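Going in written order, the chains are labelled A, B, C, D and E, and every chain counts its residues from 1.
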Amino acid sequence: GCGGYGSSKGSDTTDTSTTTDTQGSDNSTTAKTQESTATGDPILIGALYPLTGDLADSGKNMQYGIDFAVEEINANGGIDGRPIKIIYGDTQGDGAPGMTEMERLITQEKVVAVMGAYQSGVTEVVSQVAENYQIPMITANATADSLTSHGYEYFFRLAPTNMMFIRDMFQCLVDYAGKHSNATIKTVAVCADNTELGQQTATWAKFWAEKNGMEYLGDVLYSKGAADLTSEVLQLKQLNPDALIVDNYVSDAILLTKTMNEQGYKPQIMIAKGNGYSETSYLESTGAQANGILFATEYLQGEKSQDIYDRFMQKYNVALNGHSAEAYTVVWIFKQALQNLANAGKEINSENLKTELQTIKIENSFEGGSEIILPYNTIQFTDGEFNGIQYKQTNMLGNLVVAQFQDEEIKSVWPFDEAEVEIQYPASFQ
Amino acid sequence: MENILEIKELSKNFKGLKAVSDVTFSVEKGAITGLIGSNGAGKTTTFNMISGVLVPSSGKILYNGKDITGLKPYHYTSMGIARTFQIMKPLKHMTVLDNVASGALYGRKGYQSTKQAKEYAEEILQNTGLYDKRYCLPGDMGTPFKKRLELARALATDPELLLLDEVMAGLNPTETDEAVELIRKINEDGTTILLIEHVMRAVASLCKKVVMMHHGEKITEGMPQEVMNDPYVIEIYLGKEES
Amino acid sequence: MSTFLQAGANGLMVGGIYALIGVSLTLIFGVMKIINFCQGELLMLGMYTSFVLYDQFGLDPFLAIPIVAIFMFIFGALLQFTLITRSLKDEDDDTNVLFLTVGLGILFQNLALLYFKSDYRTASSIFSDKIVSLGVITVSLPKLVSFILLIIVTALMFLLLKYTNIGKQIRATSQNKIGAEVSGIKTKSIYAATYGLGAAIAGITGACLMSFYYVFPSVGEIYGTRSFIVVTMGGLGSVVGALVSGIVLGLMETIGAVVVGSSFKDTIVFLTFICILVVKQRLKTKRG
Amino acid sequence: MKKRIGSRQILLLIMLFLVALIPMFIKTPYILSILVMTFYTASASLAWSILGGMTGQISLGHAAFMGLGAYISTLLLMNANFTPWVSIIVVFFVVGGISALLLSPCFHLRGPYFSLVTIAFGEAFRNLLTNWNYAGKGQGLLLPFGDNSLILMRFKSKAPYFYLALVMVILMYLLVKYIDQSKLGYALKTVREDEDTANAIGINPWKYKVIATFISCGLVAVCGVFYASYIRFISPDIMMQDQSVKFVLPAVIGGIGSAIGPLIGAIILTPLSEYLNATLSSIAPGANLLVYAVILIVVILFQPRGIMGWYENSKFKIKLNNWLDKLDGRKKE
Amino acid sequence: MTQKYFQVDRINVCYGDIQVLWDTEFYVDKGEIIAIVGSNGAGKSTIVKTCAGLIGIKSGSIYYNGAELAGKTSRQFIDLGVILVPEGRQLFPNMTVYENLEIGASSKEAKAKKKETVEKIFEWFPILKERKNQQAGTLSGGEQQMVAFSRGMMGLPKLLMMDEPSLGLAPNIVDNIFLITKKIAKEEGISIVLVEQDVRKALRIANRAYVLENGVVRITGTASELLSNAEVKKAYLGF
């Protein structure tokens, strides 16, 4: 391509610009299966993501997920003829610009609600702003547990928290060991980056290990964006856990996998927090070396959503992954909530939307849309508590699925009743 | 007469090279003393030790009878010693006035306000013939003015003893004469001067005493006429033509 | 014990890459005194060049080295000739060059972001993912090959600077530009060529890296600072010094991580760097 | 002469007055928040310029000292209920002291070496904070929102922050300007130009670098107190090197070595980058920073002394001065 | 007007907006020594730099052996044998004396004759032979000036221009350098352009001289004429 470089994923600039257009109300005729096209006054929703900087790759994925949902919704008449329009803000992966952008979205663009902030750190900052301006905000994928423990009225979380992530990862291990006597999983260790998320993964892993009667051997935390991970792998080799728990951004995930391969380190079982491992670039870059690695994720392609997955793939040439699926879902949650308001004859404003979100309960599928593509069938923002941590307006029923790379493909392996295949054990790294 | 500066058996080695060895001489208060010698004789090195830029390998420097050997260079200003550099070091991004005001502020006058310092600096600039150029940047002036600026800045610290390193190099004979007059005037105002110079005409007309160095050693000292007529000095330094 | 041996071997391999990028900066900063804060971005451009060659023509990163080197040479030379040279005029005010190259770094990063997008991209070579075992130690083949290339490049640069005509001209120009000009050296071309050469070696480093690492627009940040550390520790202008200190840095990182834990790896590296720099300069500028 | 100063001062006061009125007319928090960030950036850049501009020690690690200030005040507030107002003083002395102590062995390093050392210190600080439990590790620290409280420097609306930032930038500007014209300023500038000369006129370069570092890092830490109170969330990421560059660029573009330079630079750059960010980044990620980089490069290539360097030599300055003089003349009648 | 061996014809030279040379002209015959004197900032260095191709000219011509040089690169000037020994020596401080000399031999011809030239130079300055493996930066000022002069000679000049060779040098060394200058002019027919502040000494070895003021040639004549010219005496020779 000469206008831009997108060969490996086929996502070139022309593609992006069409998507941008369809955010508008006027130009959504490109959508396929529409019955009626929304043409009324658009309802504005803000979306804050890292569009530049180190995390731009992930930010772009979110954008695809959101645009995809918006296109579907608007092609089907939007909310009583009013289309949804997304206004993007770029956090640059940093709190301060994120804050200013949030303010722009709220006060300049006058959005009725906001979604976003990919990273928990940035979400921490912008959720305060949303609270302050009393604008409802849903985070699709920020996972730090503390986010929802400040008692904010306007902040909602769809994503399973770190606690849930690690809980399910351990559950998967425990379930497997219970079913197969050949598997001994008595000790665990963690390899993660030395950031908020990595540190929390280590903390929760320790917690869940003890809870499940396993021994926590220790953690190896490296600086994010590592140039080299050989000594980290050596340390893991020395710890030699039965199960290795990892949490890495995609770049480090690629490097870690390659380095483990190069250093000949093959733990019996290695389970990752979705994060980098669910990105398309991960499998592309590691290929067969990824085989055997398990990862917990918020979404997997399967029976439930094959059509959406295929259409998404066709459009963007990128797989729908946990993060983009959650972003997609959040747009639909907004749509459902807005629709409910409209149906009840209530005015569409932030306050009403907040109240609606507090009570909304979505079961199985969205009105006028597909079923919930995430691995659970109910979405509801409820309050809860776990181990002393308060969770407010969090989708407590959320859970994860675990997949394994097998033959360079992603296969779901847990929960067992919905799994495509059995876990390979010991993991066959090639 | 009283000596303001006494150099005793001063030596300096650079990694085995003896740049200055066992040099002893004194500078008489109120007079102009010259330091001459062929290139690489160790004159600048001696200056650098006297002004604290270099620490002597051995030997002593007495200033007004006090041992000042090895003191840090910035202590010298308050004692009343000022110097110029052979390779000029103007403050490039500051005007001529600010260059000199800087000297005045941290010199012995002890000005606290920049306004007073600037007034004093203007006075100095007038005396050194730089007043018209006070708002110039040093880079926009020719060599003679830059040399004057070096001098003016040193003067602004209100020194008792002024060390001048080749302030006349690169000047033509007429300009040299003007510089000679300026230095004479400074001296007449009560400042003792020790100068390094290759221009014999200037040295002869200014200095009461000259010290001749060669290969790091002191060869001879005395009245300019005596030294310049010394056949050995002529052979190793002056050459035939000049005599 | 074998852990330490293995860590040492890894350190050597990682250090090889640091050394190689260090050698490239040695030419530009060490020899030519151009404070180049966009060295990491030159590396990034080299990596993308190598990636494009792989992606479009299936060229093995190692085989692509000559093309990448030539391309980066031309790019670097042009960059120097058109832009950087303008900021070098004021010889003892080098902050301009510093800021200019910071700006160029931001520019290149975002150009890459615009054109290549933010994806992580990899290329593979016939050596990729292959391992060589030497007793208890295993090293990855692409890293080993890179290391050998490093030795070759360092040796070539050493010989070039020391013995060839052009090498002498480079040294002469860096030591005295006017002197070089009146001696018939085309200093402008020499500047451009030296910068080009530095960029070319950054390109070679990039191609090597492509065989086991990945490229993304801000990849240079990781290596840019380290290249400066290597050059300053190795002694300005010494290619052999860069070689040694690159390896020392690699060893420091890997062994340091094993000894004090990975979490404090950066602290160790940076504090050691500061200490070395301070002590070195102390010794050099000691009065008398 | 006196009257000339008169009209200038009046003009400045009028301008200041107009700026101070902004929150009355512009109610959009977004605009105010951009202005707050502008003032904040200008303040940090001004603080930087004492060491970087006036003393010529190009620090690329000032974000770390800013972060240190933010951390100290936040920890004091969270654990000892210490008001940020007092923290301002504490932080100035503590961070100033720490940085002067740490950097003092490095003062004989010149040019890029000093810059490298500051980068290295910044990274080391960040790494240490990331591992320090008490400071919230990688997760950082959150200052919860609450009711308006002047004592806790906590406000719901933008306007108070706007005035706070405005006062901060004015004080910072006056201080830098004062230092620039003071005896101290002469010493700092002399040290920047030539250390041998400084020595020769009785200035101890090392001592003055220590002083400059103390003031500069202390002041940028004060900016950190503001940052923490304003953003209300801090994490080790605020100490990253590219944050430091954000403090340096306004000074470079505005003109290094003058008090007004960083101010002008920030007034131009911050709103511009916000604008570019808002308009370009979702359409063409990277294009916004690209424009930013191009501006930087163009300024450095064609006007190495920045906008103020251009102004000093421009006809505009003469015209402006003439106009002001005429204004004075008319008033006299 | 017949063209001389080396002739500078009404050149105008500027640094940016500032014009420094105004219709400046002079000529040199083969084997002749001319001196260019004048106060500081008169433009003397600018003249020789222009004649070495380091600065471009706005208008005017430089003829050498009948060929027009203006517009050629400094490298081409050097290949033709028009060589400058610049003000302030400008050596390569971290290279050995021998390497410094080697670099001076840049044209093909000079490279071919490198060995012979070096021999000749070592004959003139035996001290340099002793120091040939020493780093140039560690030499004394006088020795450095010898290297600078020799580096110029390595390029096999036909026209050698020297910018203030006496600056900061001991009197006997200046004499030595001037002596050799005279010798090469006479024995090898090399033309010399000497820019000097030490007007007295310069006029003593020069055949003719030009007095430059603010970029304009004010007075010209044979050296002895100038030495006795009252105006010159007053302005440039001092009392």
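Following the convention adopted for this analysis, a contact is a pair of C-beta atoms (placed from the backbone, for glycine too) under 8 Å apart; a residue touches a chain by one contact, two chains touch by 3 or more.
Because the structure is predicted, anything quoted here is derived from the model rather than measured.
> In terms of touching chains, how many steps apart are subunit A and subunit D, taking the shortest path?
Minimum step count, subunit A to subunit D: 1.
> Counting one step for each move to a touching chain, how far apart are subunit A and subunit C?
When the steps are counted carefully, the minimum from subunit A to subunit C is 1.
> Could you tell me which pair, B-D or C-E, is linked by more C-beta pairs in contact?
B-D
> If you take the mean of the Cα atoms for each chain, which one ends up farthest from subunit E?
Farthest chain from subunit E, going by C-alpha centroids: A.
> Using each chain's Cα centroid, which is most distant from the centroid of subunit B?
The chain farthest from subunit B, judged by C-alpha centres, is A.
> So, what's the distance in Å between the C-alpha centres of subunit E and subunit A?
The computed centroid separation for subunit A versus subunit E comes out at 75 Å.
> Between subunit C and subunit D, what is the gap in Å from one C-alpha centre to the other?
Chain centres of subunit C and subunit D, defined by C-alpha means, are spaced 33 Å apart.
> Which integer distance in Å separates the CA centroid of subunit B from that of subunit C?
47
> Enumerate the residues of subunit B that touch no fewer than two other chains.
53, 92
> Got the subunit D residues that touch at least 2 other chains?
127, 130-131, 284-286, 289 - these are the residues of subunit D that touch more than one other chain.
> Could you say which residues in subunit C touch two or more other chains, in rising order?
If we look for residues of subunit C contacting two or more partner chains, we find 110, 113-114, 117-118, 217, 263, 265-266.
> What residues of subunit D sit close enough to touch subunit B in their complex?
So the residues of subunit D in touch with subunit B come to 181-183, 186-187, 189-190, 192-194, 196-205, 257.
> List the residues on subunit D that touch subunit C in their complex, please.
56, 58, 105-106, 108-109, 111-113, 115-117, 119-121, 123-124, 126-128, 130-131, 241, 245, 248, 252, 256, 284-287, 289-290, 292-294, 296-297, 300-301, 304
> Tell me, which parts of subunit B touch subunit E in their complex?
17, 37-41, 86, 142-145, 166, 169-177, 198, 200-201, 236-242
> Spell out the part of subunit D that touches subunit A in their complex, as residue ranges.
Its residues touching subunit A are 28-30, 33-34, 37, 127, 130-131, 137-140, 142, 144-145, 156, 227, 231-233, 235, 237-238, 274, 277-278, 281-286, 288-289.
> Give the list of subunit A residues in touch with subunit D in this complex.
13, 16-17, 20, 51-52, 56, 59-60, 63, 88-90, 92, 94-97, 99-101, 103-104, 106-108, 121, 124-125, 128, 131-133, 144, 146, 150, 194-200, 223
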